[in-house]
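The following blocks contain the structures, represented as structure tokens.
Common to both upcoming complexes is subunit A, partnered first by subunit B, then by subunit C.
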Partner chain A sequence: MTNKKTNYKQMKTIKLLAITVVLLFSGVNMMNSQTTGLQVMQKVYDLPSGKDTQAELTMTLINKQGEKRVRQLKQYIADEGSVEKKIMYFTAPADVKGTSFMNWSYSSAKDDDQWIYLPALKRTKRISSGSKGDYFMGSDFTYDDLGERHPDEDTHKLLREETVDGKPCFVVESTPKAKGHMYSKTITWVLKDTYIGLKREFYDPNAKLLKTLTIKNFKKISGVWVILDTEMKNVQKNHSTTISLANVKINQGVPASKFTERSMTMGQ
Partner chain B sequence: MKLTTKKLRIYSWIALVVITLGSVYFVREMTQNAYMETDLDEYMPKEHPAFKYSDMAEEWFSIKDGILIAIENKSGVFNTGTLSKIKEISVRLQEMSQFEENDIMSLYTADNIVGTEDGMDVQPFYEEVPGLKSEQDSLRQSVVSNDMVYGRLVSTDGSVALIAASMKDDVFDEAFYEEIMDFAKSYNGDGDVIYVAGRPIVEGTMGMLGPQDMKRMVPVVMIVITLVLLLLLRSFRATLFTLISVLISTIWAFGLMSATGVPIYSVSTMMPVMLIAIGVAYGIYFYNHLNRYRLLKPQSGDADAVLHTLGVLWKPLSMAAFTTIIGFISLLTSQVYPIKYFGLFTAFGIFMAYVLALIFLPSSILIFGSRKYKIKAVDDKPTYTILNRITDKLLLNKKTTLIVTIVVIVISVIGLQKVWINSSFLDKFEPNSEIVLTDAFVNSKFGGTSTLNVIVESDDADAFKQPANLRLVDQLQESTEQLPKVGNSFSLTDYIKRMNKVMNADKEEFYAIPDNNEMVAQYLLLYEMSGDPENLVKVVNYDYNKLNLTFQLKGDDSKTINEAIAVIKSFENEFEKNGLKINYAGSGYKALVFSDLILEGQMGSIFLSLALVFILLVIMFRSFKAGLIGSVPIIITSLISFGVMGLGNIALSTTTALISSIAIGIGVDYAIHFLQTYSVYYKKTKSRHEAIHETMRHTGSAIVSNAIVVIAGFLVMLFSVFPPNRMLGLLVSMNMLTSFIGTLSVMMILVYTSRLFKPNKKQINSNNEINDK
Partner chain C sequence: MRQPYYFIIIGVLFSVMLTAQENKPVFSGFVRNYTGILTKDMDQFSILQNTFNINVEYRGQKTGFKVNPYVYQYFDKNIDFGLREAYMDFYSDKLDLRVGKQQIIWGKAEGVFITDVISPKDLSEFLLRDFEEIRTGVTSVKLNYHSGNHTIEGVWVPAFTPTLMPETGSIWAPKLSFPINPTWDYSTANKNLTVANSEAFLRYSLMSSAFDLELVGGTFLYDDPAMHLTKQIDPVTRQLTSLTVRPDYHRTNMAGGSFSVPVGDLVIRGEGAFYDGRYFQTVSPTAADATIEKNFVHYMAGLDYTLGGVKLSTQFIQERVLDYEVSMNNDEVETTMTFLAKKDFFRERLWLELFAYVGLNNEDALIRPKVSYSVADGVDLQLGANLFTGNTGRFGQYDDNDMLFMKLKYSF
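And then the complex of A and B:
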């Protein structure tokens, strides 16, 4: 992992240099007339995300029988540079209320640290970090889907431009450079004006459509674009997950003490 | 209108052309559209409530039949070679399109829920194959200490590992059967022995052996029948044409099946043998009458002889054919489609054999001529044959005969109560066949190759987070597992107990359901966050009010399943108190319901065929008494048939259930021939005694020939690779023998003593009764 990540950083520098050189020689107009897939995805990646976030999150799993499993959580996220810390308190259903989950994700090679506090057991337990391809809490999102994927991990191709719900979009196909990835490719529809990814299709190793991610609602809060409602649908299993955020607060200051084992036991 | 020979020959040619064209069409249909149905689900009525429920539950919990690949290494599976094979087989199965990745269960894919110093972890048992002895020992240790895999995926003696692969629906076919067998067997060697078991494999083997069996049996039956025909008809040409006509009837029956899109079910593989055995009897009657006429009038031409034969023959032949057809048609009362279709198409085949005996055989003589008979002329004077001697003996010992009959009936009724139904598909194979031995081996090492799914439902959401309910389920599991044939069980409780244990420093006393529902809910959440949540979907639904409890059984027969269900039923009241309903699902349970349906259908078709045959007899002889007396031999035959099955411990199965209706249909032929001849002679001679003897002399021998052919034909089934088919051959032959004996003994005595067909007072001549004395 370390190697990979440092490689990305090096590559990013090289790419930026290259782009600068190209721009110097070809004039500024190039950017508009010949936008590349990589440029689009880089812009998406570079969208500001805020130093810290607080929100009430509702995650709904819907299986093929139409049965729903609804969970409500209060989540706090802080970006401390080398580590992104996240803590989630379950507020519903009642029998898991007070359960909390904390995740420290490092930019270095270090595996994520994860803890869970079970009030019934009155103890905080460490749990092993699932692999990036594991599904998060039985949802249709893998840990990887929930995080941001660095543009350098894929090769991108701008397929076309088209409108989605009347809004002009770039359509970019991204193919993982590493072999054996769980997706053979993804196709992303990116809004031309804000560079928000509106929709993404995930293809399985046999190049068949596996999942579709749709952004249903987003809003600018404290200068940061926040996605409020998303739906991930696994078309092969006919199972879907929706995540919606409410009462989102950006950069309101979450103290570092929030992200401790002690704080996990105290509830939101 | 008089038919000229020329006109007759033209008609014959037309008939021949039509028959040939029809046969060509049906052969084409057969070669293009015939297929063998091996999916046992297709054998069951889908609209039945039990099947509907099971199908629903199978959908909720993705209950599927699994292929079981067992890998045995006498010195233990915890070595580099065997562990690599387990990994490779698992990975390659996951890659096959016939399986969902998540449905391959093995030591390699299993989740190991373990306690760690500061928590719980769900990890694979191994990812890289452990190369060091110490690593292998610690793997063994982690297997032995985990009840979720120990005895389930690795045998308790450590010598066998199991890879269970649940198949997607409707992907199993013969090609895949071969593929998976070849694939699995390629891992044999280096001290490892591979076994492949499981319901799809049983079905696949049956699907392969069925047509093979049919291909093997047809030549055998042809040879036997040819020999019998040559012996009885003493003519090569007559034998040939009789054989051609029964072959054509078989082709038409199978051709019609293919043309209407009905697949060949395992029971249909018996059709050719049956059609040939039954159909040749019609040929025998035709040539017998023809020869008799020829002997009486040696100078008569072909057309003359044929027309005469048809004139005498059509009535009794029609009767015989229709009663047989009724026997098969009565199988339509069955709710089981393969049996319905078997009845319908065999009936069609017999109808064709009958039509061909009346059209094809005469046409063949008119076109190809017939040879001159070299048989010495038999004088038609009354002779005292063996049959006549037996008749006199029987008539002198009426009481003894009736008493013997009553004793036989009483014994049969006693045996009848012992008849049991067997839904086992494995029992269709030889006890020493590879598939049976493999199954026994896997059963001896693991919980069992057959499964019974128990579905517990509640109206309240989160019911299965309640410790009280979970404990009930746990008790149910424990009690049922006491049965010797119930290997183990698996449900949500196993996850919760395991997690409770590892979260409490692996202490054995915590291998139990925790005391409060929050704890249960939080364990489940913890598992979802660290394990593979899709595994939970197989044991409980999203609302936690439907639970799937799986029992592994060491047998797929009704007895085993019923024993388990009896224990489960004893819990029903207690479950009821907690608002929990119990239902059943899965292929094992469906097979059980299926076998009950077979029994129901069996009873239905026996009574229907008896009733129809009775009505037909009453109409034919215009006598209620004739109907009753004529039915006696077949009623006795049915009773004896069931009695023998009960006393001989022969189970009613999809195959043997067919016997009685078939036996009634064919067996009544003897009574019909006897009664008809007797009524004619009684009218002519006015003497019961003389009429009986005349009947014995003429029809007796015809009945004997008929019985010999049919018995010989059905005995050919002894060459089948399927034990139930052999049993069926034996039982039908026995039934033919009992109806034949019953007709010529008990029925004959009843006919005699009841003064059947006695003319009305007006018609009685003053002296007619004197002859009787």
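And then the complex of A and C:
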């Protein structure tokens, strides 16, 4: 069955572009000595990412033997104010090709709405927004990792300032307020000039380092900082996932008709 | 090859592909080996099948087409070559027109056919074929009008296609009980290609944040035959001397709908249909040919849920005969449940799945455990079993057909 690769029911808050396309920085002043961890993470969260985005995404799963499995998809995202709509068309591998997934994410507390179209079934199916802690398509990214986590969900502490590859960064520790979260804490290195999250460490419930997220490449496209290459490495299991974006288009206009059942079934 | 004219169709379409300007045609499909053995006699294959399935699709800005030829090769019968789909598309801003042989799937139920009545079923292997193979394409004209997330769909099927039943002698042939060996009369089974025998369907569908909805209706020939019996009784001995069975397909009208709605982490699904007249078997002496026409309802309620990484789904299904008479052969209400549990391991490389139909009337079941392993991207190995329990009923009648199987599939 083609659906077995998509892990569709847990596609809650995929928000792929939240990690891959983010963080416009436009003349934000350097923070003074009173800067807090919350202020840093709020700046990261508040930066706009464009009204709409189109991109081709390649996700490579690498196991500890170095073997690679590649997933490719096209995605379209539109910010319609109170709702962000996203549709993804899977193009490879062959057994998931033709599958499409749509997510409507709300600025209110409402749960996301999600649908999947499976070409073998020729049917669009509504799915549960499910658990944010599940892994997306067998990768090292959970849906929560890929989403925009609101700063209010964590308690933030500015640990220090230090340089990464010669670039000055804030180092912020974030601890979930809710009990039972899959991470006991995260530590994020945020560039002081652009507020791009350059690196993040994820700690498991036993406070041991579980995963490391590293931004490999980013550039400004149509006035928006876009992260083009990123890697998530599970240091406990020694496997990793890379995500690369290509043919990124920002604010080119994605019509509302893109986010319909018709579009899902047609695969374009 | 049974139907060589398909090659002509494919040749024409390939010619169109070569002249296509806007996009290139896309090829996809799979090659598969499917081997099964019966557990009651581990020396006997239940199936040994090789399949080649290819999709050729072209989609331009305003037009497109798809051709899906397939080949099933068996060890014990003739090669089966056919076209699952072969259609052309024409698009505009609000309208989509699809003409040709196509699979049309309606409803929210899974593994059960309630409002999903347009594409006939291929039951040559009972319900064991993969979902994309259990529905046959039907030659039809489909017109869709779209307005946002509202869609109105009209379908006209000029030629009737019945359910494809297992061949005589197949282990999947349904058990029919007659007091004596009958004579079969197929004079009414083949429907003429006339407008009067054509079928028409209409659907309204909505995809919204709160819920998804379908409202459907149709007038069509029911895909499963009614068995009309003619008995000859010796006037002296009062013994049955001959029995003629005449399968026939009768027109029925159907209205129904389906919905799915998210409630927290649950998705609740429902589907129902009312059939204005279906034929059932009866032993009533007032029924001249042992059939009786009754209205009929078929409905389902289902839940989808994920617990601890395990995808769970269950459905409660009932078929109810209205104005029931005790002389009828089938039960007034037949209840079936389905259960699905599915979980992945090793970063979606290994999947464990358990699916079951459970018939509550006859306490029978079809239990389908399966392990799937992704050998490489696009290459899957499946090991599984189809286990039938009970002695009678929809599933229990195949109690001798418990099987273990292996499928190796290469998708491209």
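As a convention for this text, the second predicted complex is superposed on the first by the 235 of 268 C-alpha atoms of A that agree within 3 Å, B and C clash if a C-alpha of one lies under 4 Å from a C-alpha of the other, contacts with A are read in each partner's own complex, and residues count from 1 in each chain.
As a convention for this text, contacts are C-beta pairs under 8 Å (C-beta built on N, C-alpha and C of every residue); 3 or more make two chains touch, one makes a residue touch a chain.
Nothing here was measured: the structure is a model prediction, and the numbers come from that model.
Subunit B and subunit C, once both complexes are superposed via subunit A, clash.
Legend: residue contacts after superposition of the two complexes on their common chain; A:256 is shown touching subunit C, with no touch to subunit B.
In the superposition on chain A, contact is made by A:138 with both subunit B and subunit C. Of the two partner chains placed around the shared chain by superposition, neither subunit B nor subunit C is touched by A:193. Of the two partner chains placed around the shared chain by superposition, subunit C is the only one that A:266 touches, whereas subunit B remains out of contact. Of the two partner chains placed by superposition, A:165 touches none, neither subunit B nor subunit C. Applying the stated contact rule after C-alpha superposition, one finds that A:113 touches subunit C and leaves subunit B untouched. In the superposition on chain A, A:104 contacts subunit C only, with no contact to subunit B. Within the superposed three-chain arrangement, the count of touched residues of subunit A is higher for C, of the candidates subunit B and subunit C. Within the superposed three-chain model, A:122 lies in touch with subunit C and out of touch with subunit B [touch as defined at top]. Note on the chain A alignment: of 492-500, 654-662 or 762-770, the part of subunit B that runs into subunit C is 492-500. With the contact threshold set out at the top, residues 61, 63, 69, 93, 95, 115, 119-121, 125-128, 130, 134-135, 137-138 of subunit A are in contact with subunit B in one structure and with subunit C in the other.
Partner subunit C is touched in their complex by these residues of subunit A: 1, 4-5, 7, 9-10, 61, 63, 69-70, 92-95, 97-98, 104, 110-111, 113, 115, 119-131, 134-135, 137-139, 239, 256-257, 260-262, 266-268. Subunit A makes touch with subunit B in their complex at residues 61, 63, 65, 67-69, 90, 93, 95-96, 99, 101, 115-116, 118-121, 125-128, 130, 134-138.
Put simply, subunit B touches subunit A in their complex at residues 59-60, 116, 118-123, 462, 465, 503, 514, 516-523, 525-526, 528-530, 532-534, 536-537, 541-543. Subunit C contributes residues 28, 30, 59, 96, 103-105, 108, 130-132, 144, 146, 148-149, 151, 205, 207, 209, 212, 260-262, 264-267, 304-306, 309, 311, 342, 344, 347-349, 351, 372, 374, 377-378, 380, 409, 411-412 to its touches with subunit A in the complex.
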